[in-house]
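I'd like to ask some things about the structure below.
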Amino acid sequence: MFFASDNAGPVHPQILDRVVRANDGYAIPYGKDPIMDEVRDAIRTAFEAPEAAVYLVATGTAANALALATYCQPWQTIFCSEVAHIHEDECNAPEFFAGGAKLKVIPTDDVMTPEALRAAIAPHDPGDVHSAQRGPVSITQVTERGSVHSLENLRALTAVAKDYDLPVHLDGARFANAMVALNCSPAEMTWKAGVDVVSFGGTKNGCMGVEAVIFFDPSKAWEFELRRKRGAHLFSKHRFLSAQMAGYLQGDLWIDNARAANDNAAYLAQGLRVAGAKFLHEPQANMVFARFPRRVHRKLHEAGARYYLWDAKLEGNDEDAMLGARLVCDWSLSRDAIDSFLGHFE
Amino acid sequence: MFFASDNAGPVHPQILDRVVRANDGYAIPYGKDPIMDEVRDAIRTAFEAPEAAVYLVATGTAANALALATYCQPWQTIFCSEVAHIHEDECNAPEFFAGGAKLKVIPTDDVMTPEALRAAIAPHDPGDVHSAQRGPVSITQVTERGSVHSLENLRALTAVAKDYDLPVHLDGARFANAMVALNCSPAEMTWKAGVDVVSFGGTKNGCMGVEAVIFFDPSKAWEFELRRKRGAHLFSKHRFLSAQMAGYLQGDLWIDNARAANDNAAYLAQGLRVAGAKFLHEPQANMVFARFPRRVHRKLHEAGARYYLWDAKLEGNDEDAMLGARLVCDWSLSRDAIDSFLGHFE
Amino acid sequence: MFFASDNAGPVHPQILDRVVRANDGYAIPYGKDPIMDEVRDAIRTAFEAPEAAVYLVATGTAANALALATYCQPWQTIFCSEVAHIHEDECNAPEFFAGGAKLKVIPTDDVMTPEALRAAIAPHDPGDVHSAQRGPVSITQVTERGSVHSLENLRALTAVAKDYDLPVHLDGARFANAMVALNCSPAEMTWKAGVDVVSFGGTKNGCMGVEAVIFFDPSKAWEFELRRKRGAHLFSKHRFLSAQMAGYLQGDLWIDNARAANDNAAYLAQGLRVAGAKFLHEPQANMVFARFPRRVHRKLHEAGARYYLWDAKLEGNDEDAMLGARLVCDWSLSRDAIDSFLGHFE
Amino acid sequence: MFFASDNAGPVHPQILDRVVRANDGYAIPYGKDPIMDEVRDAIRTAFEAPEAAVYLVATGTAANALALATYCQPWQTIFCSEVAHIHEDECNAPEFFAGGAKLKVIPTDDVMTPEALRAAIAPHDPGDVHSAQRGPVSITQVTERGSVHSLENLRALTAVAKDYDLPVHLDGARFANAMVALNCSPAEMTWKAGVDVVSFGGTKNGCMGVEAVIFFDPSKAWEFELRRKRGAHLFSKHRFLSAQMAGYLQGDLWIDNARAANDNAAYLAQGLRVAGAKFLHEPQANMVFARFPRRVHRKLHEAGARYYLWDAKLEGNDEDAMLGARLVCDWSLSRDAIDSFLGHFE
């Protein structure tokens, strides 16, 4: 009954197998390995972006911070949601990699709205040397509250950015989960929607530790390579990053895994609904934010269920109080585990 | 015939096996996995340092830059060899992580001497606000030219540092190779010799991509954890770093691998000596710096041998010119490959 | 009719005279001049802080950014008002000098409340390596909206900070104006109220360009000196900064100037009140935030009055619309100029 | 008998007079004052550079660090002399402002030679992501050892830089002294010789604290303005920087002051020569590096002469030992003071 995060689950066998098979003799280090050529081709094909510059790093924070830094000057502001991972969970890595840039957070009830984004950008006066200058917009898809930006909303957000000539970054730690939820193509959710650079997540969806950074404008390539090396994120035995990503892409495993995770979340949500839980919003991808009584939380806790309370504490006297739970489902979760979880609601 | 680097070889089966076996169900992320407990214990035992703070990162540059930054203020100078990896091969990562600190390079014919180190440190006036302040001393063991600091020399270098109250970092990307060459214990080559923090390499000696950072003063632990996260070097699926290091340490594999690599280098050097090559200095660990005629380089090149010329170019007319080769041997190199390499000297 | 800022007025003759008189022969550079000794003594006496470390820089942004950086690690959060100068008007200087720290802004209707400050600090979990750590609290006195924190409020804010062991910075660009408004002593508004470090403004109150940074904990002295030099803010001909500050402190000129400025603002506010203007809040120091009809703005504008509209534009059709003006009075403003300004309301 | 530095002398009356006269009523702050227009025009005329972007800051370190940062990426190397002010006397300010760039120092017997510069630049491989990339070349004119680069040498150095497409910065803290020594025009010593950006010193030559940064390529203007503000180096009461520079330029005062300083140095050198002193090299501008016996140093020291020993200590037993003195002459030095100094050689 592990719902704490999708970053704690196992590596999918197909991916592990590619890693094991990559361990054959010598390979040119630092990203020049032939498997990386395969990865680059596969991503370019999947994204219908034959010119895209494609790089691998091992953590999502590295992907985000390096991608943003490549599009941000130190005297600029990065616009993001108030619950964005880059703001809340990266210990100032974006500020560090961007040389001291500022994050301006946008109040978001659920997904960021174009109006809220515009209201955050507009007051900045680009001719005023005293205030931080406008910089990139970062959108999280799936959001940290489990919502999925519709393609319409994505396009509306990037249109606001383009009104001000600002680049757009997509934090796609759960890229595949969002794509499956939207039933769209990678291109539709990125460059066709106005996105300039993507953190394309692998780790949370069955890999060991690999994320791709995809630039649709290849002129950013060399600067990114230098930033990656200077950030100590260039692997010598890079083939083992390449192998993970190759295994992930092969036969659309990445989509299958995301579908499995989303289906698990839908199954869980349906069970919770029946059991009387209240939702922060309708679950869309692989995360469920639900409220149910403290006494149920207690039972689950004692039974060893693992998940985060997102706005409350288990300790307290009111047994009927509705505490919020963040329940994350990964591809490997079994229906048995979900049924066992739901069993404690009876 | 791959002698280009020890970072291009395969992962040792025992290590890969631990990685594969680690892939079982859910594991608490971000370094709280139980395998990390095993790793911490094993390193503390091996280093006779029961209080040491032990952390894992995936690249040598991360280990070096984060370890140094923890001991360096931005207005200080890091003292290192003019051929140190941190100076020549990390694209300003140490400067980046240390917030703009300066590297002062020490001329080194072979290994850094205490006299040269003192001559570099002494002129800095700690009461002068205009010049950069004295900061940590970084020693590379094995050096980038393949030499090994004797324990006497190490102790003499750290004594100079201690005369000025400066902390000492050991870049041990090839830690095991040096230890085997010196036939000493980990403690003798580190804290007993006056070293404060070690980059303990795994990647070049049979791992996939893992280095330990070992602080003998555990009061640095929390700052390092924050720096690692902010540097985007904290892995969510950390168990796969832990598993590598656990496999590496198990049954002294790390020492066996280093011995195999050093033996390969000795065998190669002996063959080269017989063939009339000249050495930059007597090979001590797993790197051989040797000079031999251009025509032999040509033959080797055509036969597919891979290695770097360290101070010359293959192009040229003088077939008898003695060009310098850097020949790195890893644990996996076969005697057949070496013999085949040597065969081109006939 | 210049009400745009108190940083555009002339230097007080007593201060200019000290600058001119300082120009006598040679003086030891870089802050070792004898006039600095006089300044240090005068500030220590005025603040009843015989151990305080006292330094001079030439801009308010330098004072703020260097003071905060001395109390902030790069992985920490600085807590400040959403309208703080350090957030809105320093082009990421605090982030730059603090190595990439984050500013967390606190919604403030008028002055920051202890409740709002606590609500901003509390959610940070100091044991969580993922989120930025808690860092210094910065309070602006006079606020950027012209309000003055009462001593009670100041003490309540610093009590919140102390609950979390956080240091407190006071941005006192208009320190004297606040002190006069509160009719209190420098010590009461700083260390007796729980403040650790002050940016003590001179430039806006009759100096040419000088601000003092006062640390009540002298153990921060040497680090600040290094940060000041590294930030290129250490003056060689420092005597001319010292002379300004000496002239400013001499005979309590700083208090007299502030009183004159505050009296000017009170006189202006009274006239505006009679003329029917509405106030953002009751003017307390030397800034008046008032609303009056667009047609009056137009007349003033045409007559050459200089001030900022803080939330509206002069352009527009509704002549009766109440537009907000920020009217800043300095010590040098004449009653004639104010009367002339008020004359346009008739 | 003050020969310690040219940054400890008085402000020239003509400059102080302009400062005093600038103190008239209100002036638009932050560099928009009308005196700045006058300064910009005067510098553009003097440098025959009608498009140049011209800015003022208050310290030489700020001018150097901000100018270099504008031409340097954090992963690049700045090439400079091993005795350059930016390397030895700015407490890592260039590294700080350039986001962690590296300084590579070039061994210089006296002035930097084109051969030594090329030898430092050439080994960097621009396609190698591991090593720092090539960045700007910084030349100091007058050098920190008192020498003046000939126009031929300057052109040869910038030609090397241009061979590698590298920008060239001139640290002209003593710009006027060099120009007088070479009897050339400002343009000949800068853009006509291949220089891209100049730190044009005022402080050491009669100003209170002002340096101009002159970009011959105006496309760098806005970035510099943002960097200056973010570095806390934009003055609100900027007119007092402008007034200094206006007074400095008026009627070629800057040239007259430099000529006076250089003549003082020549007079001093001649006296020293007659007295048997040995020179590090023939004095060219306003600094004399001379060796004379310890016993003379003792007499001078006791008589209150102020100067630095550059490679020795006064303490010692050998009264005949030849100790090196750095003797800096400014425009204000009197012949009486020099004669009095020389009198101790008898």
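Going by the order they are written in, the chains are A, B, C and D; count residues from 1 in each one.
In this section, a contact is a pair of C-beta atoms (placed from the backbone, for glycine too) under 8 Å apart; a residue touches a chain by one contact, two chains touch by 3 or more.
All values reported here derive from a predicted model rather than from experimental measurement.
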Set of chains whose contacts include both subunit D and subunit B: A, C
Chain of greatest Cα-centre distance to subunit B: C
Between subunit D and subunit C, distance of the C-alpha-averaged centres to the nearest whole Å: 34
Chain centre separation (subunit A, subunit D; CA means) in Å: 51
Whole-Å separation of chain centres (CA-atom averages), subunit A against subunit C: 42
Multi-chain contact sites of subunit B, meaning residues that touch two or more partners: 74-75, 90-92, 96, 99, 129-130, 133, 226, 229-230, 234
Subunit D residues within the subunit A interface of the complex: 30, 73-75, 99, 129-130, 133, 225-227, 229-230, 234
Contact footprint of subunit B on subunit D as seen in their complex: 74-76, 88-92, 95-96, 98-103, 129-133
Of subunit D, residues touching subunit C in the complex: 2, 5, 7-11, 16, 19-20, 23-29, 57-62, 65-66, 90-93, 96-97, 203-204, 208-209, 226, 229-237, 240, 306
